[in-house]
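Chain naming follows the written order as A, B, C, D, E, F and G, and within any one chain the residues start at number 1.
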Amino acid sequence: MYVAARVDEEKCNGCKLCILTCPDPNVISIDKAKNIGINQARCKGCGLCVVACPKEALTVS
Amino acid sequence: MIEQKVVTPEQLFFEAEREEQFITGSEAIREAIKSANVDMAISYPITPQSESMHLVGDIFAEGYIKEYFRGENEFAVMSSVAGAAMAGVRVFTATGGPGTLRAFEMFPTWSGSRLPIVCAFMTRGINSPLTIQPDTLEMAYMLDTGMLMLHAENGQDLYDMVLKAFVIAEKPDVHVPVGVFADGFFVTHTRDKVNIAPADMKLPSYNPNCAPVPAMDMETVPFRQMRDPFVMKSNFISYAAHASWQQEILAAAERARKYIDSLLGGLIEVENEDADILIIASGTAVSQSREAIQQAKSEGLSVGLVKIKSLRPFPTEQIRRLAAKAKAVIIPEFNRVGWLCREVKTAVDDTTKVVGAPRVFGGMTMPPQLIVDEIRRCANE
Amino acid sequence: MSLRILKPTAEFADLLPKEYQELVENGPYHEQKGISDLGTFKEIIEEHPHCAGCGVALGVRLVAASLPAPADTLIIGTPGCSFFGLAQTALNYSNTAFGNQNAVASGLKRMLKIRYPDRNKDVVVLVGDGGIADIGLDMTLHSWLRRENITTIMVDNEVYGNTGGQESGMTKEGQVLNMAPEGKKFPKIPVFELARTSGCAYGARVTVASPRKIGEAVKKAILVAREVGPTYVQIYTPCPTNLKFPPDQTVKVAKDAEAGYYSFEEFISPEAQEYMQKTTKAV
Amino acid sequence: MSKKTSIRMSGLGGQGVVTAAHILGNAAFKDGLVSTVNPFFGAEKRLAPAESYVRIDTQSIYERGEVLFPNVIMIFHPHVITMGKCYTMPFFDGLQENGIIIANSEEVPQLGDDDLAKLARLNAKLYYFSATQVALDVGGTELASNMAMLGALLGVKPLVSSKSMKEALMERFGGGRFVASGTTAALDDELKGKYEKISELIEQNMEVMEAAGSAVKEFVI
Amino acid sequence: MLESKYQVLVGPEGYLPPAAASMGVTLPEKGQALVEGSIVSEEEAIEKIAQKILEAKNPFLFPGPLLLWDWKEGVAEKAKAVKELADLAGTRIIPMPDYRPKYPMINPAVEINPNHPNLTIWHNKIDFCLFIGVHCHYANVALKIIRGGTDCYTIALCGEAGHEDAMISLRDVGLAQLASLTEAVARLKGVAGK
Amino acid sequence: MDRVQRPVEASQLLFESERAPAFITGSEAVMEAIKRANVDMAIAYPITPQSESMHLIGDLYAKGYLKDYYRAENEFAVMAAIHGASLGGGRVFTATSGPGTLRAMEMFPVWAGSRQPIVCAFMCRGVSLPPSIQPENIEMGMLLDTGMLMLHAENVQDFFDMLLKAYLIAEKPDVHLPVGVFVDGFFVTHTRETVMLPPDDLKLLPYDPENSPVPVFDMETPPMRITRDPLLNKSNFISYAANASWHQEVLAAAERARKHLAQYLGGLLEVENPNAKIFIAASGTAVSQGREALKDLLDAGLDVGLIKIKSIRPFPVNELQEATKNAELIVVPEFNAGGWLAKEIKATLNENNRVVAGPRVFGGMTIPKELIISEIHNALNRQNQRL
Amino acid sequence: MNKSIFKITPCFEDIMPDEYKELVESDPFGKGLGVSQLGTYKELLEEHPLCAGCGLALSLRLILASLPNPEDTVIVGSTGCSALAFPQVALHNIHSVFGNQNAVASGLKRALKLRFPDKVKDVVVIAGDGATADIGLDMVMQSWFRCENITTIMLDNEAYANTGGQESGMSPQGTVLNMAPKGKKFPKISMPEIARESGCAYVAAISPAQPKRLEKMVRRAILTAREVGPSYVQIFSPCPTNYKFKPQEMVARIKQREKEGFFKSKEYITTEAQEYLAGLEEGKKDE
């Protein structure tokens, strides 16, 4: 029952919509190269980022 | 406004030459606040408190206070005062009776937050039935709020206690609110001689950096700071934090004892302590007792008097010691329930010698004769 | 009420003090009385200890004369000048703690609906400005938001009169009063506008300079409250004592205000409008 | 002499420790035993530590509140042990002599030598198994993990009859209103949504319990 | 003043012991200090701290936010003095960066929190600790919990009036007291070294 | 409504009808009690740990057991609205906790002074600050002098019975005062245990406002000129005397409640092992914890008894003096920092140095029986040393 | 605050836990960061214990990222779900009791003006719908009447969530929730309109589904409060737990409610505030 979001780097275009939809702080980050990083330990797996992602680059498992 | 210079509390209280004035209790409050270097005061009307806060408004207009406004109700006033105190300023407010009860939730909150607020309570009866007359019942409700509680006998006491309350409240090891209680009308509206410190002197300002908790101003570390945190998870660890926090509030009141001793000359005042019959009282009941003792004396009865100035902290050991020597202890009170009698009985070993009478309420005064009757009864037993 | 309870027990009828006998014989309970009948019937307020020229006393008297069904009206008040007169009213009157009147009225109205499902029991709140706009604002607004079937009437003297003349939320901006030593720093609270936003089906703003308007507004407000929803009437009742004008000037002060910032205003919801038309026709 | 069994269930919010305690206590009540159940929760949310307490006896039980000295400790989530997500430190604090620990954990619970020595001194028994896996395999939902934990308990210590257990389940899920926090009520709906009929839910849960009873393994301290 | 016989000794004192102030322990006046509930001279207390710190198996310093953040003049110097003391006495340092309750998220290996200081003490098996730079209220809450549930010897170096619930407490602590403490540690260490 | 209910005499419902066991929480017990109490109206406001019980009262309303129910805007407003509803002559119920009690504080003496037979359940919890939702009963210490009657329930069974009985006592014409039924939050509200319930097709007779010592407020009862409550605040002796007499009448009403408490609750206190030399005296959950300690102490051969105080207002002064006549040690465990019960007991007894004010637990923890046992041993040691 | 005070005392840098080091190295203080930069710096909110998919948590996170001067902002909250996250905010924040937040903020703001006459200290109230529209309505409105220079933000999740899902004044009419067993009997309180009538110079309603617009409104509200008068922002923040929808549907839920006409983003600005904001926004463009 404890799951977390994962990002498919291939699909992600770094639009940051996931960051703006995540209810938890300091979970999804982005670096200068527009790589999305997810702090798995802190993710609650709600799935809002999955729904928000236009590229279907996120999954919760 | 007179130009004021900052002096030490000791200078202001004990060294400066005082001037005798013939004023009411409400005016004594004004005089105390003038010298107290208060930053901010918030008011709300309720009889018999209103006059004092009008007068505080007047000295705001004269420049003695930097900010003043009328809040929307007592609960809101006590909340706003808390907000101001958290921001690190010295604040004052006052209320009475139903106002005290309306704001009740805030008082344990003040102590829990370690706010050195000084609030004057001009006690009166509480509903129902509605009355605006003197009655000290509200003090019974307040005993476990964690606030320090001083009870003024007269205008002079009210003046000194309000002024000194700021100094006691702000000691870093105390730093809890102080309620200064005065019996409505009997003190607030009675004109009497009061010795006032010079108007050109005032207390040093409050220093929030010496507080046991950080000021909420984003200028004090730590930055991540919540006043006051939820230590309310259900686990032993949180319980222990919560319990220790409460114990620390009780400890703060204990630490106040030495400051009450040095600034107010003790938690109690005793006259003729070796007498067989002792009267123990606080507030206006002390004055009535003084008259009764005079009368009793003329009848050849020797009666001692214990005036309790501080109800929280309570002079438990002193009372136990004094009562042990007496044959009878009379406790006159201005309320129907006899809360002071309960406190005293809790402190003494032999409760059978404690007489909880007379009790007057509904707004009447307590004729000294009523107390004399009790004295005679005790003397004849 | 059942008028039976207004009937003195035969054996004791002649023992009743005169004021009660008059009330029984010539009170406003039996037939509809109104503002225009004042002076011809025994008023339900026996007397009052208000100051000479008191606007609040006048306002309270006019409201009492405008009740559409005094025999089934219960008034809830609160501490303040208004209750001195109301305590002498030949109605059920209650005040408890300062500012809680609309909460008390909510509970009372609902209980009376339970106990008398087939009868109208008009619950009317009649309170000063401090009680409604300051300390009791929350409970006033929430009774409106919940759409309680009660009428709220404010006698607005723009000051805490009873505690010695402090500035209230309804005081005019700039006015110097106790607790506003540098003058009040914000405008009058727009309770009238808030009444509309908060769900009142009818609202009126009047002054004691227009007694007939008070009569109409109070009647409408109480009728609408029976069936449609909460209603509000705000009456300007100037205070000669604390605002320091001669007692004979109360109505003039009110009249001047009416010409200016206290102009007559009224709003009514379409539903209330429809209901009023129906009731008037029925009458 | 009293034969009181005091059980402490430690888990995370959302795992059904409150529900499990309720069902166990209710089953004991139906068996004619004396039982009290009390959950403790603060203003916590899902995944925060949650604890529930059941006391079962043949005589009157008076005390209430947290079980400080349990005979049985049930660990619903390995984080209770590894991340200290419980209300006492360490998680077996207060365990009585000959006490029992049952942990929902695929592997042997990670315990330091000190801790193992302490447990050995108490002559404690330590059981473990993946209740979540059993719940998924047999019940088809991880929400039945709490049932698996109860099954394991009955497997090692048959405190109540299976008949009463079934009745208690029926009462809990078979309509009527159960009083719990809002979150529990929400989860209830989710659970009910997974089964077509309540009877199916009950049967499945009974099967989960049975399977769990045989799946549980003892770690010899 | 009442004579208190209450001693503030190493715990665990048990379930919810009262605050030492409620048992009659009073705070010292200027120039004095508290050792185990009794008022002594500041010098004596400093000596005792030095002794205790060197006796300890696993001593720790807990600096609080008033010292961890370089927020006003004088902090850096004081911090440096504390660091020197720690180096000399061979104690480790664990910070208390703020006061928010962090349970159960706290990492007791690297931080301490006033609402549950026992977790850090248990985790690191600390038998001696010294608080400095903590707001008095939070220090008192922490000291009480430590005395209630652990066997750690507690020292509170206070910039204000001191702390009854610490086994040793100095008041009005500034650079001078820190220097004397360091000096005492150096001296005792020298003795021990011989 | 689940079933048609028949109003019956209180004695039938409470004492004669056969009871069946149910395994329920304290919150559910509130619902079961109100279901049988023929309550007209309830008003709710959320606060933990009280909310569940008022949710369940809402369910009763939805099923038709109550005629009106709503959520009000805050606790002060709830207590004011309940006051209004009670003025209107019906039977009412509400509940609150800790900070909610304090927010509404001004209304409780108003209820009493106004002679209203309101029944309110208090699910005690810590009061701010710092905020706590956990069990602690300091709020009771603050309500002692409101004029309300105060019953303290030990467990879920007590809670059920006391709530129903509270209406009977509150509504006696010679009493007619509000009754607060207090329980320790969570320890009782959220604990599930066996409770014996009378059938739910019976309910109390309705409240009859015409038997009230004050006129009901409905414009159907003379006199029509009635002010609830009058302004007795003119500054003259006549008003003072009226005000004081009114207050005395409120105190007197509480005194008159004693006989009804004896009838319905079997006394204001209960004593186990009355000839003991050592007593545990407590109220609420502390009694239960005391019972566990008692078992162990008796097993260990100590001469210990237990006093359960059920009524805090009126306080069982004579009963307590009688029960402790020969006691040498009285230990008072409490769930609060102030120790209000110990204070009450000390103020009641002579030679009150026999009273040990503790152990006190607060912050949310339970009182383990071990703590009570060690308090007794410590006190005995002290006494021995003195001898 | 003076930025120079936000630094770790040199000799303790190595012992500070990572989260504080990160905060100091990558803080948002004095840098003019906003919602667009989220994910690239250490947020003021460290973590929170709220439910997965909590709309209120998302709103809170966005508000904190929108503060124009976080280094000089003090927050006042109230009892409720949001209060559970507050201890984790790296700003001074106050929880007093339920519903008194605007009264506390009034006292606080005036005291801060006294103590720091030459500095702007933003006082921002962030509280739930129960605290703002029910139990605290009086104090909220009175702070507006008094023209206090504070910003009030309501996190509207349309229920008392923390106490187990009771109906609040902001619940939609007809909703069945605890304490409204037959459905809520009156409409959602029109707080934005009440705010406008009660003297707010700037009023807005928004949801976290529009993060950039939310940011703009929060900033405008805070800036207006500094100079012109009180301001109010109402943020629709759905609660998956009590309204029983799946956490991942939170944003979809906002859109659905928008479509049904129950929620609408709006903005009321007084002429004075309009001019003031235009001046500021103009100035910003010039930079």
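Methods note: a residue touches a chain if its C-beta (ideal position, glycine included) is under 8 Å from a C-beta of that chain, and two chains touch if they have at least 3 such contacts.
Note that the structure is predicted; figures quoted are calculated from it, not measured.
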Labels of chains that are neighbours to chain A and to chain C: G
Chain whose Cα centroid lies at the greatest distance from that of chain D: C
Separation of chain B from chain E, taking each centre as the mean of its C-alpha atoms, in whole Å: 35
Chain B and chain G: spacing of chain centres that average the CA atoms, whole Å: 39
Shared-contact residues (touching 2 or more other chains) in chain D: 40, 42-44, 46-49, 66, 89
Two or more partner chains touched - positions in chain B: 69, 72-73, 75, 98, 102, 105, 109, 113, 127-128, 130, 214, 220-221, 223-226, 228-238, 240-241, 243-245, 247, 250
Residues within chain E bordering two or more other chains: 16, 68-69, 71, 97, 100-101, 118-119
Residues on chain G engaged by chain A in the complex (per definition of touch): 35-36, 38-40, 42-48, 50-58, 61-62, 64, 208, 211, 240, 246-252
Chain F-touching residues of chain G, taken from the complex the two chains share: 79, 95-99, 130, 134-135, 137, 160, 162-164, 166-167, 169, 178-182, 185
Chain F to chain E touching residues, read off their complex: 359-363, 365, 368, 371
Parts of chain C lying in touch with chain B, wherever the complex brings them together: 79, 95-99, 130, 134-135, 137, 160, 162-164, 166-167, 169, 178-182, 185
For the chain A and chain G complex, residues of the former touching the latter: 16, 19-26, 28-31, 36, 42, 44-48, 50-52, 60
